[in-house]
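Heads up, the next two complexes both have subunit A, just with different partners, subunit B and then subunit C.
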Partner chain A sequence: MKRSTVIFLSLFIAGALVFWAVRKNDVQQKSGLRFVSLAWQERAIATNKSIVNEWNAAHPDMQVEYIQGTWDSAHDYLVTAFETGDVPDIFHYESSIIIDYAMRGYLTDLSPYISVEMKKDILDVAWATVTRPNGEVGGVPFLIESLVVLYNKSLLEKEGIVPPTRQHPWTWDDLRTAAQTLTKDTNGDGVIDQYGAGIGLRNSANIIMNTSISFGGSFFKKDGDHFVVKVNDEEKKLLQTIVDMLYKDKSVAPASIGETGAGMIPGFFSGRYAMLVGIGSWGRQQLVENAPKDFRWGVMPLLKAQTQTYGASTQTLSVPKKSKRAKEAMMFIDFILSSKNTARLALNDWMIPARKSCLSMPEFNDTLGGWDITCSSVATLGVGSWVGAPGYVEWKSRVANPVLQELFAGRISVEDAANRIEHESNNVLSRYKKRGEVW
Partner chain B sequence: MKNMSALSKTAIHGLIILYIIFLLFPLLWVVASSLKPTQEIYSGSPTILPQQITFDHYSSVINGQRIFRSMWNSVIVGTFSTILVVLLAIPSAYAMVRYKSIVNNAILGWILVSQIFPVILVMIPLYVMLRYIGLTDSLTGLTLIYVVWSLPFVLWMMYGYVKSIPLELEEAAVIDGASRTQVIFTILMPLLLPAIGASALFAFISSWNEFFFALVLMKSPTLATLQVELARYTGMEGQSRTGPLAAASVIATIPSIILFIFMRKWFTTGLVSGALKG
Partner chain C sequence: MLRTIKRLITIDQAMKIINKKNHTLYSKKELGQIQLLLPVILLVTVFSLAPLLRGIYLGFTDYRLGDPISFNGIENYIQLFNDEYFWKSFKIGMVWTFIVTALQVSLGLGLALLLNTKIRFVSFYTILILIPWATPPIIRGILWRQMYEPNTGAVNILLSDAGLISAPINWLTSFEYVIPAVIVAGIWGEISKAAIFLLAGLQTIPNDLYEAGKIDGAGIWDQFWRITLPVLKPVLAAIVSLTFMWNFNTFGIIWVLTQGGPGGLTRLPMLAAYEEGFRYGYIGYAAAIGNVMVIILSVMLFMYIRVQLRERNES
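After this line comes the complex of A and B, so read on.
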């Protein structure tokens, strides 16, 4: 009996001690501004922290606490924060979701706080991704996400293929021809071991939407105050081109169907894919930091269809409506997104800076790392008609990605995919229409 | 017949070995990735074992992020919630088994319902309640959430264990003059040790692996738990810092392994073996 009592009492005392320790560890730091950043690469995190430290050194009475968020969980984290009112003062995210937050009334309209200098220096196409028709601004865009085509220089040279230049970009037909030439059974065992291209098609809605503009499509059409989805011949042509490359030419690696752009990179290093099509410009960082020493690569200008115009999306800094320090938060945004700091952030995240003054800096016109060609794409960036469509984020995950996965896996035809996208999309969008959310 | 038996034994052992390899493979892969240079991780022809060993990822993890701080946070939250859950579950399970009442079925129903309730639905009201009593952004608040979250299932486990202990054992003790408290502490508790071990391990691992509550409730970077810290190695569009993530994951696994080693013998003990004759 004694032993059991001792065990029970020991557990109880241990519990009490731990409780005391836990209470003691509850550091309720209520500092100045809270900044949630989604930077995740080592150098990008270091840059963000360094800028925050510089701000804190210069503003002892208005300290900023750096909080590192994560891309995968940012939405849950932020929505809970918006609903409960315990919000960060500044947060980093991307334009397509910011639009949704703005429509739901979660964000401070930053338009009264934006300086003339910032307004003028940030590209119009970047502002268009976060500005409502009534002039309200949901966030300050600072990085532009653009798609690039990466290629293996050695493999192209071996086949005598001359890569395109900014003045003479490739069309999709040029890409198909080159991809067919580059698709090979190199060891003669009857199995293709080098594909002309790899395209990360696992969640392909982003690539397809942004590329569709160059085909003259855009999926979303305005119908009065609301949006409907139409898959016309232009959109179908893009889908058919990729399907043909996969199944007719067999010049796109089948692994593309289940992989993301990032997941295709090891195969690109090993020479399994001669070109990586439609990967984000951030992909260059992996190449610079992780490619084998003898690996030679380059960046191609955006592929031309009817035009060379691609949809732009941006990374942004926003201020929640429930933040009580919107003015101070905007002062910090002004600081972290100054021309000099935007350049630092863009260089370390391997993305295009949204400021014109940065784009003229030598770093962003360097051939090394493909900065020159990547940044030149801003000239042809456009804004998709889906910007501002209520329910777009849900549409992407519940309709576009699953249907496109089935299409590229060869389970349905382009025509079936088009019909399903139209039918299922309008079911989703009509729900938002009933809610009365308008951009 | 003997030959057949030997053959069956070999087949069974072979299957077990295959199963162990299947279970160990992901762990081996993570350990190997944590020791490979980044270029080798991204190699198009991956190997299971590293061709070149580097500890750079470990040093990056140790120097770069608050891995040990977050691990400490997870340890204290996990330990405290486990102790509380077990202390609450034992008497509750005993009362449910030995004192029959109409409430019992309702409690069992509540346990089942609580297990199928999506976290996201309770998150906002829970957050508001915790903020009202000043327990958001607090390890105490998170501990209490974990207690509430794992208590139903631990109670369910404990209910089954207590129910399997024959009432005759207690009756014998009562005949010998033991009080109800003495019965619980001297008769039940020793027999429940394997159950307590299993339940405690379940409660600890539940809180150790929990992500969403920790993400939403803990705002200060210094209070982040291990799972939240690990998620910070992943980026957008399926990217991740694979080497540091693997190294951090290996470090994160160590406390669970240590705990399991210490508690292993509790599981191998039969619950009531030899308690009754005949």
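After this line comes the complex of A and C, so read on.
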């Protein structure tokens, strides 16, 4: 073979490969809208799929492909997708992260596409979790993440403890007293086998941040154009309460320290703790589906500190900037997040719907499954000062979660934790300040 | 890493052939050689060399995902020098690397010595100990994560059945137990590698040496210290260096087991680089960490090659 032939052949093969890859991508892009869902509870997945099927039946010329994602790998997947341009047209994620994506220019601003009906019907507090100060909207919020306290009815009755009602919520002191009463050595072998409470504290920054608002705390304080993190008495009070329950009262199960909320559920079934504090409202689905038959449980209203105001975060649907069919994608979002479908998604994921019209439906005011109490927390939802703060996502995983892990493992005091959070926050936030990223 | 270096060496050889007589036209034979090498050069350039060079270049930029790339000289390295997170993870990485390497090689040596004796079914055992090594690190991680699961994991069930613990231990999130726990998981899969290499080394030792030793009255320990170890030294040096580099670059198994937690206690340097790059989007800075690690590893590689050469010259 001649030299030129060899060169020509290799170039031809390389070119053909590239062409094939691009072409394949193109065909995929043309065949339909791609929708990545992070639903993980069985019934939530089924609901998502059946809504997609309904859309596909009605829109033969604009099919939607359902793609199953996972919360663990969503971030890596999406960032890779944004960078390569091989993006899904619609994806499901959560407010604190998509607002960071919006800041980095990865998302289509949905504000021009949102219908008046949708704009009006979705709660303002939910919109606030996805809107940048310039009015840019990073996604449509449809589910509200809320923290609930679940309790084991039988164990509370046995101790004569009357659970709180919406009119008379418990304070943290009430919770502490009850937890102490419920902490027992039931078989008399000298080892405590029933604790008052369990709290999934593995990655507790979310719980702590959203709960701190009810203590009057906020962690992130405005300093001109920028943010500084301060851990004042209000923030410390919440941390101290949990530490005291763990180590002074010994009324919180030690298993809480390294466990996630979902990981605490089996112990709740077996009665190792009478109350499950600060778990997402979705946890109720696990109770409905997996609890032993005779297991009786209830939902408590949000615990009251100074107020009953908790920080809101939402689950969202967004459209990447690199998607070539933002308009069509938004049509699908209009469909899947219509009032009727939002209600279906919320019911089957056991979460609070973000639409007012849903909240007035009877299903969400039922005492069965604790829907009435869960949804009543909407009235006192607030928006954390950190929402959309440049660097918040990095701060949470680099500073807050590790320091809180050390605090709750009993390795450092609340005072140490506060100092470390403040000190380490400066390092993280200064990176963003240097880049001129402002809220 | 090693593969990249090997490929670089191939390129180096190729370049030598190309440049040998660069003042005259290539001879016909040389042109033929170039043609034969062309497909390889093309592939290596596209898939190894270009990404490698780009990675090195990115280490000198402030590239953050979503932003344009701009050159910022040695700013990343100044930042790295003052980065307490990185140095903390570097320290953890060193502790991990030394302990795991020492245990892998010494246990591997023990295993190799056992396999080298005249026990029955040796080939069966050899296959058995190869299985963990043949398992990808991610799968090993998942296996161990299930073993360490606080309520249903085998480790806690065995220990509590034996009456050694009263309450379940959450191995992977406890500050006291996480390091031993990941070290056990980490050495488990890699002992076989050391064992197989060392077994090959052991089998090259001629029996005459031992017989001569026995005649001179050497006991089992004397034989080990004065015959086995000295003869095995070059193989040991090689396996120690390789294992060291390997362990320094550990990522998969730790990522699956702890994701660097609790409190960053198991955040090895590779995890730190990964977090910078993919979690926080600081690709430029992550590439700078990569560059620094390549330099550190190159120093180790240099030392390893020097030891190798010296051994060869002596013998």
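By definition in this document, the second predicted complex is superposed on the first by the 409 of 439 C-alpha atoms of A that agree within 3 Å, B and C clash if a C-alpha of one lies under 4 Å from a C-alpha of the other, contacts with A are read in each partner's own complex, and residues count from 1 in each chain.
One rule holds for everything that comes next: contacts are C-beta pairs under 8 Å (C-beta built on N, C-alpha and C of every residue); 3 or more make two chains touch, one makes a residue touch a chain.
Source: prediction; values computed, not measured.
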Inset, instruction - Go through the superposed model and pick first if A:Thr70 touches only subunit B, second if only subunit C, both, or neither. - result: first
Legend entry - subunit A: partner with more touched residues, subunit B or subunit C: B
Legend entry - First (subunit B), second (subunit C), both or neither touched by A:Arg435: second
Inset, instruction - Examine A:Glu406 and indicate which partner it touches, taking first as subunit B and second as subunit C; both and neither are also allowed. - result: second
Inset, instruction - For A:Ile257, decide between first (touching subunit B), second (touching subunit C), both and neither. - result: second
Legend entry - Which of subunit B and subunit C A:Arg34 touches, first, second, both or neither: first
Inset, instruction - Figure out whether A:Gly105 sits in contact with subunit B (first) or subunit C (second), or with both, or with neither. - result: second
Legend entry - subunit B versus subunit C as contact partner of A:Glu83, first or second or both or neither: both
Inset, instruction - State whether A:Pro266 touches subunit B only (first), subunit C only (second), both chains, or neither. - result: both
Inset, instruction - In the overlay, answer first, second, both or neither for which of subunit B and subunit C A:Pro292 touches. - result: first
Inset, instruction - Touching subunit B in one complex and subunit C in the other: list those residues of subunit A. - result: 1, 7, 14, 76, 83, 202, 266-267
Inset, instruction - Enumerate the contact residues on subunit A facing subunit C in the complex. - result: 1, 3, 6-7, 10, 14, 75-76, 79, 82-83, 104-106, 191, 202, 254-255, 257-259, 266-267, 393-394, 397-398, 401-403, 405-406, 409, 411, 427, 431, 435
Inset, instruction - State the interface residues of subunit A toward subunit B in the complex, per the touch definition above. - result: 1, 4-5, 7-8, 11-12, 14-15, 18-19, 21-23, 25-29, 34, 38, 40-42, 45, 65-68, 70-73, 76-77, 80-81, 83-84, 86, 88, 200, 202-203, 260-263, 265-272, 280, 282, 286, 289-292
Inset, instruction - Give every residue of subunit B touching subunit A within the complex, in rising order. - result: 38-39, 41-46, 60, 64, 73, 76-77, 79-80, 83-84, 86-87, 120, 123-124, 127-128, 131, 136-140, 143, 182, 185-186, 189-190, 211-212, 215-216, 219-223, 228, 231-239, 241, 244
Inset, instruction - Going by the contact rule at the top, pick out the subunit C residues touching subunit A in the complex. - result: 31, 34-35, 38-39, 42, 46, 64-67, 84-85, 150-151, 166-168, 170, 172-175, 261-264, 275, 278-282
